[in-house]
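In what comes next, chain A is part of two complexes: it sits with chain B in the first one and with chain C in the second one.
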Partner chain A sequence: METLVFQKPSRIKKDCKVTFCPGCDHGVAIRIIAELLDELGIADKTIVVSSIGCSVFLNDYYDLDIVEAPHGRALAVATGVKRAKPDKFVFTYQGDGDFASIGLGESMHALSRGEKVTAICINNTNYGMTGGQMAPTTILGQKTTTTINGRDAEVQGYPIKICEMAAVCDGAAFVARCSLDSSKEIENTKKMIKRAFESQINGLGASVVEILSICPTNWRLSPQESHERVRRELYPVYPLGIYKDKANK
Partner chain B sequence: MIKTGEKVLLKGNHALAKAALNAGCKCYFGYPITPQNEIGEYLSVEMPKMGRSFLQAESEVAAINMLLGAAATGTRAMTSSSSLAIALMQEGISYIAADNIPAVVISVMRAGPALGYIFPSQGDYFQTVKGGGNGDYKTLTLAPSTVQEMIDYTYKAFHLAHKYRTIVFLLADGMLGQMMEPAVLYDYPYEDIDNSDWALDGAKGRPGRWIGSIHRTETALEQKTLALFEKYDKIKQNEIEYETMFADDAELLITAFGSVARIAKAAVKRAREAGMKVGLFRPISLWPFPTQELNECAKGKKVVLDIEMNMGQMVEDVKIAVNGESKVEFFGRPAGYYFTPEEIYTQIEKTMEGLK
Partner chain C sequence: MGRVVIDSEKCKGCLLCVEVCPRNVLKKSETYNSKGIYPVYAENKNNCIGCALCAKRCPDMAITEVYR
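Then we have the complex of A and B:
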């Protein structure tokens, strides 16, 4: 007798061609979200807000209702969707530049309003699609195509800490930072996203999951070296953990 | 609550807001700016009572993108703003146009450039009709000239937005927004338009839908824009609207839109009483512009006198329309003072004198 041990989540397109760079973490994040939509039984009522950057191509992968937001405006668009259709499940999928640089205003205000939406923020500490320029999250000393000698606090200032900022918003119900650098952390990330989704389903407020992710192409590292870099260099600056959880106060 | 059909004294911005509610506007997103604040203030009180969503956004940039989100679900929704703040919305306007989704933007013009002041102005004809966002797109634009028309064209704006799945501007100005005059509020006269074949509501029992503007092949991108312009052709065929007064036998034809057209009417009537052959052509749809209609109307005229509360914006479309059928002169002043009928009458006299 055959036993099915592995299959694609129902809302990953059957014929999708993955166009992310080899080793990129986006594919993992996209998959675990799709698994959760199945497990929670909410795919039928989900409206996704895609954003600008590598995250713009969601419709290549998801067989879901998706609206593309202009750069930085994902949480404003999500607000509009949710206010128009309060019974739908709404999440954004954004990069750190989208969420915390050009869109920081929209992000903080949506969180402060307690919009019942979830933001998934892929933080790879650079602008991946445009070729690896400095991002709001680029850590001190990190070399990018616009900080070739490394980010210097005197010149470019300090990196923005998404979860720490999100957690101070009274309307934020669940805020967590996780990573995709190992199978253990992938499992944990899935748990964090699940709790964020549940906080929306339970009407507790806004939720954010910041996912430390790799960009091997622009980091000029192999995928393995990239994941090592996450543990070695990013963990100390961006500690993993739950920063806020209204459900377990 | 006003009884339908009753003639009451109404402020322009309030009339517009009441009409938006009658038109079934379920979501409003906006940010304060004078001279349109009464719209948001009124809706902030009334919409929650009706179980609808009023949201004061953190910026105009956020407001237009909230509108985009609501529009993607097929929900009747709008924003209102003014001039320098409409400037902030231009990226979102381009996206909404490219996305083929229905949205209403109320633009109550104030004086620019930049901060300028809250005086009435028509300085944003270019901003609205020619677009400030990027790429090939058009914004269907309706220009009311009375408080009654604030109601009429708010209704029409919602209707056309959903009929064509496009962004529609109602282009008013501080004078129309702030003035009070008798008007009749009546029931929304248009039928509901089914959006179940495109709106996002969760992909239940059907494939997922995508609303977006990125197309990664030359062919796909070109086809997308060509399809957009096929739609614009239909709008041009069906939705051009204009008004004429004493135009047939006029030697001097005034072109004016919005509140200036209304002031010009008083001057035209007075000129007729004085025996001058003066008429008026008032475009109501600024895009699509009544190009062919104005061309016909301008035939045989000695002069077309375009009057605007700006330094000459619609006059460019007037010249394209007239296309040499008559000479075209421009009379305008930048925002600050609005025209008096006397001022326009004097200009008519001067222009008629020049024809001798």
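Then we have the complex of A and C:
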């Protein structure tokens, strides 16, 4: 007798067409979040705050209550949702441009206030949706459509480190950086998101999971080469790990 | 023995699943789908052990079910 060992999570819409580019890690992140909502049994009380960027069509994929925040304002909107409905489970899903460029103020204040929400930040080191411009997370030397000779510290300054900054906020309860470049890292990312979700459920404060992700289209690499780039170029600048965990300190 | 169910209309041909399959089950097809993409199919069906590594790697949820 055959047993079913993998199926689509219950809150992924039946006929959902994922609109990301071929190989993009966004789709994997969206799936593992939906799996966790099933495993933790919290889908019914979840309100998602989606953002502006390639993940803008989140409401087409998820069969969940979703509010679309203006660019960068996901954590401000999440604050309002959670304060109005404290019994709900609230998480944002945002790009690194959304979280750390236009939204840096909102992000840092929400973390400092210790809002009991979770931020999932997809860090692909550029602005994916608008055509691969430099993001605050673009690493030194990285070529983008607005740093055609590579990011130069003298001109564009240094990259912003999301987890390192988030960890110093007193209101942040769980902060971790992970990656989706291999099957092993996908498993680990799921564990990190689970711990962030649990820290919200236990009322410990704000939580952030930064996920190093590929943008093969704008990086002008194949998905396979993109994952290699994450290991070779991003790991040294953005080390993986748990930056803060109030539950186990 | 395992079995994968692939929705060839959802597959975007990124071939990430081919890379992670430990038993060399999946292969790019010779015919394209309605979007002009050459989707993957289970060529070496009998080698499948139902580990679901491919389904967990697929960014498009095109591998919809895995049985063991």
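Going forward, the second predicted complex is superposed on the first by the 248 of 249 C-alpha atoms of A that agree within 3 Å, B and C clash if a C-alpha of one lies under 4 Å from a C-alpha of the other, contacts with A are read in each partner's own complex, and residues count from 1 in each chain.
Everything that follows uses one rule, which is that a contact is a pair of C-beta atoms (placed from the backbone, for glycine too) under 8 Å apart; a residue touches a chain by one contact, two chains touch by 3 or more.
The structure displayed is predicted, hence computed values, not measured ones.
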Taking the superposition on A as described, I'd like to know which of chain B and chain C A:247 touches: first, second, both or neither.
neither
Touch test for A:11: chain B only (first), chain C only (second), both, or neither? first
Partner touching more residues of chain A, chain B vs chain C, is chain B
Of the partners chain B and chain C, which touch A:168 in the superposed model: first, second, both, neither? neither
Would you sort A:201 into first (chain B), second (chain C), both or neither based on which partner it touches?
-> neither
Margin query: Once chain A of both complexes is superposed, is A:76 in touch with chain B (first), chain C (second), both, or neither?
Written below: first
Checklist entry - After lining up the shared chain so the two structures overlap, which partner does A:105 touch, if you call chain B first and chain C second: first, second, both or neither? => result first
So in the superposed three-chain picture, is A:66 touching just chain B, just chain C, both, or none of them (first/second/both/neither)?
first
Query raised in the report: Of the partners chain B and chain C, which touch A:49 in the superposed model: first, second, both, neither?
Result: first
In the complex, chain A touches chain B at residues 11, 43-47, 49-50, 56, 59, 62-70, 73, 76-85, 88-89, 105-106, 109
Counting only contacts in the complex, chain C reaches chain A at residues 2-3, 10, 12-16, 19-20, 37, 50, 52-53, 55-61, 63-68
Chain A residues touching chain C in their complex are 2-8, 12, 16-18, 20-28, 31, 183, 186, 223-224
Listed in rising order, the residues of chain B that touch chain A in the complex are 26-27, 29, 53, 55, 57-59, 61-63, 65-73, 75, 77, 91-92, 95, 99, 200-205, 207-214
